[in-house]
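Same chain, two partners: subunit A is paired with subunit B first, then with subunit C.
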Partner chain A sequence: MSSPNGCYSHTPNLRVRPVEEMKSCVVFRPKPPKMFMLNLNAWLIFQLCDGNSPDHVAQRYRKSVANQMSEREADRHLEIGIKNLQDQGLIKLKQQIDQRRTE
Partner chain B sequence: MSNVDPAQLVANLVAGERLTTPTVKSIEPEVRSGGQFPFCDLLAHDDDQENERLIDGNVLLGAIVIEWGYDVPFDKHDDFKKWLICNEKEIAAEQPRDVTYRGTYAVSISTEKHSGLYRTIWAFRTLHALQVFDAEMHRPNSAFAKLIDNLNAFRDHDRGADSSQQIYQPVRCARRFA
Partner chain C sequence: MVSLMASIENPFSLEKPLKLSICYTETCNLSCQHCYADCSPEKSSAELNGEQWARFLDEIAELGVIYLYIEGGEPFHRPDFLPFLASASDRFFTEIRTNGTLITRDVAAKLKEIGVGIVLVDILSPHADVHDYFTGTPGSHARACEAVAYLVEAGIETQLLTILNRKNVDSLQEYIDMAHRLGVKTAGILRPYPLGRFKYRWNEFSLSLDEMHAALDALRLPAGLKLMQSWHPNDGNSCWQMAAVNAFGDSIGCAYLREYVDYGNIKNVSFMETWEHPLYRELRSGRVKETCPSCSSSQGSHGGCRSTAYAFHGAWDAPDPFDRTLNHGVDLRVLPEWLLQPHPKPPGSPR
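And now, the complex of A and B:
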């Protein structure tokens, strides 16, 4: 059986500048060049997507926002955030094929 | 650049903030051209004192006029109005030499979409008065600085809030470079 596996990582060579007073983060993507403003929630998701598996990202995100929203709502926010970050080329999911033989 | 760990920083911020839907917005850089008219010290070129008479007679507001444009959150408008009613005369009383507070105005109609709904106008009699203003704002325990800080505290500081700044000078003394 083969099952998709992987981890999220930041796109190489991004420049990340937190803007604490605005509770936001500015990210420069060099290829193709563009700057983005991440709101606090997107910034949190972006930080979690630095070398963690999708399951691990989800667990840590739910934990981070547990006192603010339900698990279902957290999953919805996470889905939106990851899609936005992927669409803009700021994170990517590195796929790994885990080959397991069943006997 | 701060040496604070970004992951820790965002975690600390999240703990004290109500989260909204995650957004990733592109920032469109805006390149603005520089000034076309170099600053001119009106009274320094005033051989027959006519410029001085025009300023003293309120025909001209000053050698330099600065207009702050900004927004005030809707629910703060009434408080801002009350504050101005109580404090505009205090600003005028405390203003440093050669700096004149020319009032704060609500924009009834404007062709500019993002310049803010409020304007505060300052007049400077000389270029040196710009330095005087700056020095007063930095002077410890300055009543004027406190008033201006309080006025500016009503501004909407959210990212995306409308704001603008214009600097004017009388055309009668302006050289045009471009």
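And now, the complex of A and C:
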């Protein structure tokens, strides 16, 4: 999968409530207001996308699901999962400023 | 087919509340004949004040509650409601149930700015005279419809609610068409509960289960409009996830259990102490005598609503007679006599 610069972070002011009993995590996004119920896979990706670079997220995700799917499948699942979380406004990719261009 | 088992339980039982309903006030600017809370225009001094509600919000936020359903009375009737709502909407997904008559264009804009999740407006009939008969207030239908228009215009998710009864059963399709015309995406048709003033008018307003189903089955939904209803096969036993506190601070599990349970008052004890009340634990477990496979499958819970099960059978593990597979000949037009008391207890139960 492509590896853009920067790192993923959670959107500010989210409230996160893990609900272990239901094997899910409920997230409240206040602006605009919406509530999301993340399944185990989305929850894992959401946790990984908290200050980590795309490469680091991909490595850790592949490792977490290694006994369930191939690396290729893992990359595909991750790509979809990240897109969903971005569309839901729960994570964003903060681009790093390229020092060589700004000098 | 109904499966008969000795003990059936809900699949989940939460360790801590996730969603919570509050009845912010039992005051109202209308005098509805069907009011479940038996509201009055004057505020009782026993209602929680703004400071107590604010402390309670802090407490439940700390517990991990993430969804707050606010009803009344009429929440907008209390002058301190908007500041409370602003504080709540930063931390919780908020849904407000209202009669709509106090929502002006400016209030709708304020609600948008605050970040309210969903506003549900009660409209009892597509016909103004019928709605105004229920509310006892001429012009209330027109104002409720205006409120819906203002809310939709402000870009707030807005839903219509109605309580199915003898006075509106013949105009249910017109109600659905009105909801569509007003621009809402969801219209709710709710079952009637024998609570508050409604139970004393039950003979006048109630329908048989067959009449209810015939009305629901005949509906034609316009494209894009979603119907919310809790009859078979959508009869859930929501007690596993419910938490509710009334205007006086009593922890009551669910607003529809308001006359039947009291798990303690949050003025005196922590919310979690009330959450651990033995009856509350029992209801959350969802242990019931019978379940309907279709409703269990669609709702992820067993036995249907506990409020109506208790109302008609006087037992917490009884089948819900509003579910046609569990009804067993109960005539929903006839209430048990013991229910017609302010704090009803079935015969033989300890006082």
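Keep this in mind: the second predicted complex is superposed on the first by the 94 of 103 C-alpha atoms of A that agree within 3 Å, B and C clash if a C-alpha of one lies under 4 Å from a C-alpha of the other, contacts with A are read in each partner's own complex, and residues count from 1 in each chain.
Assume a contact is a pair of C-beta atoms (placed from the backbone, for glycine too) under 8 Å apart; a residue touches a chain by one contact, two chains touch by 3 or more.
Every value quoted in this text rests on a predicted model; they were computed, and no experiment measured them.
Q: Put subunit B and subunit C onto subunit A via the superposition and say whether they clash or fit.
A: clash
Q: Contacts for A:88 in the overlay, against subunit B (first) and subunit C (second): which applies, first, second, both or neither?
A: After superposing on A, A:88 lies in contact with subunit B but is clear of subunit C.
Q: With both complexes overlaid on chain A, does A:44 touch subunit B (first), subunit C (second), both or neither?
A: A:44 contacts subunit B only, not subunit C.
Q: Can A:33 be said to touch subunit B (first), subunit C (second), both, or neither?
A: Second partner only, subunit C.
Q: Does the superposition put A:53 against subunit B (first), subunit C (second), both, or neither?
A: After superposition on chain A, A:53 lies in contact with neither partner.
Q: Touch check for A:15: first (subunit B), second (subunit C), both, or neither?
A: Touch partner of A:15: subunit C, not subunit B.
Q: Who contacts more of subunit A, subunit B or subunit C?
A: Partner with more touched residues of subunit A: B.
Q: What residues on subunit A does subunit C touch that subunit B touches too?
A: Overlap of subunit B and subunit C footprints on subunit A: residues 17, 20, 22, 26, 34-35.
Q: Going by the contact rule set out above, which residues of subunit A touch subunit B in the complex?
A: Residues in contact with subunit B: 16-18, 20, 22-26, 34-45, 47, 50, 64-65, 68-69, 77, 80-81, 84-85, 87-88, 90.
Q: Which bits of subunit C are touching subunit A when the two form their complex?
A: 12-15, 18, 61, 64-67, 89-94, 115-117
Q: Spell out the residues on subunit A that touch subunit C in their complex, using ranges where they run on.
A: 13, 15, 17, 19-22, 26, 28, 30-35
Q: For a test of understanding, state which residues of subunit B touch subunit A in their complex under the given definition.
A: Going through subunit B, the ones touching subunit A are 1-2, 4, 6-7, 9-11, 13-14, 17-27, 29, 159.
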